Amino acid sequence: MAAILDAKGLNKSFGAVTAAKDINVAVEQDSVVGLIGSNGAGKTTFINMVTGYLKPTSGAIHFDGRDITSLSPRQITQLGICRSFQIPQLFNTMTVHENLLVGVGIVAAAGKRWSSDNHTYADPSKAVDAMLDEFNLGAYRDRTAGLLPEGTRKLLDIAMAMVVRPRILLLDEPTSGVSADEKFVLMDMVMAAVKQHKVTVLFVEHDMDVVERYTHRVLAFYEGRIIADGEPTDVLNDVEVRRYVIGGHIAPAGAASHA
Amino acid sequence: MLTRLLRVALTGLAITAVSSAPALAQQKTSIKIGFVTFLSGPASGPFGVPAKLAAEGIVESLNAGKGPAPYQIKGIGGLPVELVVIDEAGGATKQVSEYRTLVQRQDVDVVIGYIGSGDCLAIAPVAEELKKLTVFFDCGTPRIFEEGSYKYVFRTRPHATMDAVAATMYLLDNRPAVKRVSGINQNYAYGQDSWNDFEATIKAMKPGVEIVTSQMPKFGAGQYGSEISALIASNPDVIHSSLWGGDLEAFMLQAQPRDIFKKSQLVLVAGEPYLHRLPGKIPDGTIVGARGTNGVFAPDSALKRWLVATYKAKSGGLDPNYPAYSVAQAILGVKAAWEKAAAKKIGSATPMGAAKNVKEEMEKAYAPPTQEEVIAAFERNVFDSPSGKVHMNLGKGHQAVMGTAYGSTRFENGVVKVGSIKYYDADRVTPPEGVSSLDWIKSGFKRTK
Amino acid sequence: MRIDRNSIAVVLVGVVLLALGPVLPSWAVSLLNVALCYGTVVLGMMLLMRTGIVSFGHGLYYCLGAYAAGLLDHFGKMPDMLLMVGAGAVTAGLVAAVLGLLLAKYRDIFFAMLSLAFSMILYGLLVKTASLGSTDGFNVAAKTVGGIVIAEDSVRIVVYSLAVVFATLSAFLLHQYLASHQGRLAGAIKDNELRVEYMGASVKAAVHRNYVISAVLAGIGGALMAVNIGHIDPEMTYWPQSGEFVFVAILSGTGSVFAPLGGALVFEAIRSFAYEYSPNTWQMVLGITMLLVMIFLPGGLWSLFTRKRGA
Amino acid sequence: MSQFIAVLVDGIVYSSWLFIIAVGLTLIYGVMKILNIAHGSLYALGAFTSVTLCTMWFSGGHDAMGSYAMLLLAAVLVGLVAGPVIERGLLQFMYGKDEVVLVLVTYALFLILEDLIKLVWGVDPLFITGPNGESPYSLLGNFEVAGLTYPNYNLVLVGVAAATGGALAWALAKTRSGKLLLAVIHDREISAALGINVGRTYFVTFTIGAMLAGVGGALTAPTVSVVTGMGAEVIVLAFAVVVIGGLGSLPGAALGALIVGLVRAAAVHYFPEVELFSIYFVMAVVLILRPKGLFSGAEVRKI
C-alpha cells in the first residue's frame, strides 16, 4: 500500500538550534500513528512542517504523491490535511455551533474547488448538529466557546479540524489538560469519528497508556531525530526510548498543557 | 433597570429629535437672525469672534435705538433683533445641515454669516431651495455669483479679486522697478486664488516680471523655517502674501529676525487686522490692505465712530478691524433693505378715505414687509456703512461693490500706523457683471464684455 | 437569501421611513437624511470592525464616492441620482480593490495608519486641484432619477427617499452577507486568523473582500451625501472625518445592521443640538458623550438592546 | 550647493522640532500601547502655558533671559499636572481595552481638551513678547550659513532634541528604572508576573510623555502664534513620524523625524507644489516596504 504521507530527509533549524534532523516518515492510509518524545524533541515541529506552518530547511513532504513542501497551511488544509493544537484555537466569541459552522461554511463555499473528495454539506446547520452529536458536544451547542472548560475546548478544537473533512488528521497533544478519567472518553470519541470518516491520524501524546491503547505505530523523537519507529509495544520497550523518552520528563496525567 | 431606563430614554430622544415641531408661527414681535461665524478653529480668533462681538454690539445698540443716521429706527423696522449664533467650524457638509436646522427648526428670519468660501458656495443653493434670505458677510470667493445666480442670497462685501488688483496697482506705483516676484500663501482655495490673481495681474500690468518662487505651506502649518529660507534664497524684490491669523503671525515672528525684509518688499493683502498685534514685527513700508475700505482705511463718518465706540465697549477697548466692518455692513444692509421695503409699502398704501376697509389697509401697510419685499428692496440697493457707501451692483444686484485702499506701514511710538493711503474706485478693481475675475485680468481689465 | 426577523425588520424600517418622509417636519427629514448617508458609511465601518480591523482613512472612499457623483454632474453633465450613486460605489470599489491588495496584509494600528496615509494623499491631491475648487470644492445637484426629471419642489423628498432606499438596501444586503458563509468569516478572522487559515479559508482574501464591500458602502454614503448636501470638498477625506466614522461606529456598536444607522442618527442629533445650544463647547459635548459610552457601554449603544439576551 | 546646505539646515531644524513632539508619543505607545491623540492637546497646553508664564514674567519687569526658565517651567507644569490627572483620572480605567478603543478614548480627550483650552485662553492667537518686543526666539542672536540668516534659537531646538533623545536612550539602557521600563515594553504580562509595578510604570511614563509634549509646545510657543487647533495640526504629523520610524521605537522616532524633516525641506526648496502630501507619501511608501515601520521587532506567534 502506497504511503499517503511521505516525509523525506526533513531538516529544520532555527539559527543554531536544530529542531528536526533527517526525519524520514512514510504513513500509510488509515493508520494511527503516535508521536512521543520529551518537550523540545521535535514532535510539534514535525506537525508544523507537515501542515505548512514551518518550512523545512531541507527535505520534502509528499501527500498522496503530491509535493506539499512549499504550500501554505491553507492550501494543505484544502488538500485534506488538518490539525488540532496544543492550545485550542477557537473562535472565542462565537458559540460552539458557530465555531463549527464556520468550517462547514468554508467547505460549502469552496464547493468542488477543494480536494478530490467531493464533500458538500446540504444543510450546514444540520451537519454541524450531527458533528456535535458525534463529539458529544450537543449540550454545549449555544455556549460561548471562550467560556468552556478546558477539556471541552480540546474536544471542540479537534472537532473543528474534523469538520473540514480531512484525510489526514494531526493532533497536537489532544489529551493535555484533560483529566485522567476523561482522557479515554475523549480518545474513544475521536477515534470513532476518525474510523467512520476513514481518516489517517498522527497524534502527539505524553501518556503512554493512551499511546499503547490507540496506535498502530509509534514514532519516538529525541533532539530532533526519530530514534525509534515501529509497533507500539516494540517502541515503548526500546532501550533508547526508555532512557531518553519515557524515563525523561513526561507530563504526568492531568498536568496542564505546556508550551 | 438602569439599562431599561437608558433604553427608554434613548428611544425617547430619537423620537423627540425627529418629531418635535418648531413653535407655531405667531404675530411677529421680533426679528430672528441666524448668525454663523467661526467660534473655534484657526479663523475664530482673527475673524470669527471679532465678528460675533461686533454683531452682538451692533444688535444691542440698534435694539436700543442708538444707531446713527440713517439707522435710528429701533432694531430693524422697529422690531427688536434676536441673534442665534452658530459655530461655522466643521466643514461645508455640517454647515449645510446646520443651516437647514437654523431655517427649519429655529425658524430664523434671516441668516447672516459665513467666513469660509467653501461654506458660502455650499449654502447658496440651499438658501435658494429653502427660500430664505441669506447674507454672506465675509467670504471672498468670486465664484459665488460668477457660477450661480441667486434670488435669496446676497453678499454685502466685495469679492476678493480687487485685493490682488489694487495691491498690484499700489505696488507698481511705489516700486515701478520690481522684477523678481515671489509669494507665500496658504495651500487652500483662498491662498491659491489670491496668488493666482496676483500673479496674473502683475504679469498683465508689468510684462516681463519673473516669478521666482511661490511657496504654498499647508494651512495651519505654523513652522515656516524652510519656506523663509527658500524665499531668501530666491532673492525676490517682492513677497506677496495672503496669510492671515495665526499663520501670518507665526510667519512674521519667524521671518522678521532673518533679515528677509531688508531686501524684499512685503505685500500683505489681508494684513490690516494684525497691525496692532504685531508692533515691531512688521517692517516699515509693508503694503497692507483690509479687503475693502475697512478699519484704518475707513473714511471718518458718524457711522464709523459709532462702530468703533460700539465695538470698543464690547471687546474691552479694541479697535474694530475688517471682520467687524463686514458684519456691520451685512446687518445694516439687511436693515436698510427691510426699512426701505417697509417705507415703500406705507408710501404706496391706499390714501385714507379712498379705501373701503381703512383699518385693514392700514394694518397691511404697517405690517412688517414680506421676505419678497425685502429682497426686492435689497437688490441694487445703495446704503451707508461704516466703510462708506455700498452699492449692490454685481450678481444681478446681489453682490456688493466698493472701492478699496492700500497703504504702507510705519512704526511710530510703539504702534504701527498706516500712511500713504491710496483709494481705488470699485470700477478700477472689480470685473464687470458677467465676466469672471481671471478672464477680466487676462483681458487687460476691460470694462465691457 | 435568508428571510429572518432582522431582514424583515430592515425592510419594515425602510417602509416606515419612506412613509414618514412627507409627514415629518422638514428639518427632521434633513436630519434623518444626513444620518442615513452617514449610517451607510458606518455600515461599512461595522463590517471592518467585525473583521477585526479599523480604518482611520475611510474618508478616502466617502470622498471618492462624493467626487465621482459630483464629477458626473460637473463634467459629465449627467446629474442622474442613480448614476451618481452607482458611480460613487464603483469608483470606491475599484480603488479599494487595488489598495486592498496592499492593506489586506496589515492589521491593528498599522492598517489604520496606512489607510490614513492614503486618505491624506487624496486630500493633498484634491487641495492642489484648482479646477475642482481646491478646498472650497464645488456644488452638486441631482436633477433626474433613472432619467426621470425631478420636479423642483419634490427634490428634497426624492433625495430623502432614495437615501432611505439605498441605506436600507445596504443594510439588508449587509445583513444577508453577514449571515452567509463568507460573511461569517469576518467574526472568525477577528477571533482567530490562524484557525481560519487552518480551516482552509484565505484570511487575506476575506479581509480584502470585506474591505472592498466597506469601501463600496462608503462610496454610496459619500455619493448620497453629495446629493443631499449639494456640495463636496476635500474635507471629506481629511483625517477628522475618518475619525468621526470610527467614533460613530464605536458609539453604535457592531451587534446588528441597525446599530450603525441608529448610531448615526443619535450622533447627528447630539451634534446638531450641541451646535445649537452649546456653540462654544460642542466638541466637549461630543467628547464626553463618547467617553461615557466607552466606559459604560463598551458594546456601543446597541448593547442596550441586546443585553437581556446575554443575561 | 548653497541651496542643498539650506535644505540640510532647514531639514535638521524641522526634524528636531518634530522629534521633540514625537518622542513622547512613541514612548507612551511603546510602554502603554496607547496611540495618544491627546498628545496634540498636551503640546498645545504647553504652548499656552508658556505664553501665560512668559507674559507674567515680562510684565513683572524681570530680565528677558528668564523667559527660557518660564518655558521650561511650563513644560514641567503640563507634565506634572495634566499627565497625572489624565492617567489617574481616565486612562487607568481603560487599560486592557482594545488598542483602537484606546485611540478613541484619547480622541475624546482631545476634543474635550480643545474646548477646555478655548474656555481658558480664548480664541485669539497669542504670542510671547516683552514690553519692547523681546522674544525668546530672537534674544539669542543669529547665525549665518550659506548666505541665510537663522536665529540661534534653532540651535536650541536641535540641542534639546539631541539631549532629550540622548537622555532617554541613556536612561533606558543604563538606569534601573529604564531597564524595568524596557521589560514592560517587551512583555507587560511577564513583567507584572516578575513583580514590576506596571501601574506605577504607566503612571511615570505618561507623566514623562506629557512633559515631553509640554516641552514641544513650550519650545514652539516663541516661534509661532499660539492658537486653538494647533494641537490638531501637529498630531497627525507626529503620527507620521512615529509610524515611519516604527511605533514605540526611540531610534525610530529619531530617524522618522529626520526623514520627514529632510523630505519636507527638500520639497519646499525644490518642489513647493508637492509639499502638502510629501509626508504622507513617504509614510505610505515606508509602510508598504516595511509594514511596521523602519525599526520594529518581528513577532513570532507560538502555537
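To keep things simple, chains are lettered A, B, C and D as they appear, and every chain counts its residues starting from 1.
One rule holds in what follows: contacts are C-beta pairs under 8 Å (C-beta built on N, C-alpha and C of every residue); 3 or more make two chains touch, one makes a residue touch a chain.
The shown structure was predicted, so the numbers you read here are calculated from the model rather than taken from an experiment.
Student: Would you kindly say which chain has the C-alpha centre located farthest from the C-alpha centre of subunit D?
Tutor: Relative to subunit D, the chain whose C-alpha centre sits farthest away is A.
Student: Hey, which chain is the most central one here, using CA centres?
Tutor: C
Student: Need the CA-centroid distance for the pair subunit B / subunit C, whole Å please.
Tutor: Subunit B and subunit C have C-alpha centres separated by 35 Å.
Student: Measuring from the mean C-alpha position of subunit A to the mean C-alpha position of subunit B, what distance in angstrom results?
Tutor: 75
Student: Centroid of subunit A to centroid of subunit D, CA atoms only: how many Å?
Tutor: One centre to the other, that is 51 Å.
Student: Specify, in ascending order, the residues of subunit C that touch 2 or more different other chains.
Tutor: 127-128, 194, 280, 282-283
Student: Out of subunit A, which residues touch more than one other chain, so two or more?
Tutor: As it turns out, subunit A has residues touching two or more other chains at 89.
Student: Of all residues in subunit D, which are in touch with two or more distinct other chains?
Tutor: Only 114-115, 118, 273, 276, 303 qualify.
Student: Using the touch definition up top, name the residues of subunit B that touch subunit C in the complex.
Tutor: Interface residues on the subunit B side: 3, 6-7, 10, 13-14, 17-19, 21-22, 39-40, 84-87, 90-94, 96-98, 100-101, 103-106, 117-118, 121-122, 124-126, 129, 141, 143, 147-148, 187-190, 192, 196, 219.
Student: Subunit B touches which residues of subunit D in the complex?
Tutor: My answer: residues 2-3, 6-7, 9-11, 13-14, 17, 114-115, 118, 122-125, 127, 129, 132-133, 135, 137-138, 142, 147-151, 154, 220, 222-230, 233-234, 264-265, 268-269, 272-273, 275-276.
Student: Taking the complex as given, what residues does subunit C use to touch subunit B?
Tutor: Against subunit B, subunit C makes touches at 20, 24-28, 30-32, 34, 127-128, 130, 133-139, 141, 155-156, 225, 229-233, 235-236, 238, 241, 262, 265-266, 268-269, 271-273, 275-276, 279-280, 282-283, 301, 304-305, 307-308.
Student: Could you pull out which subunit B residues touch subunit D in their complex?
Tutor: Touching subunit D: residues 39-42, 44-46, 48-49, 187, 213-218, 220-223, 225-227, 229-230, 232-233, 245-250, 253-254, 256-259, 277, 279-281 of subunit B.
Student: For subunit C, which residues are in contact with subunit A within the complex?
Tutor: For this pair, the touching residues of subunit C are 180-182, 184-185, 187-188, 190-192, 194-202.
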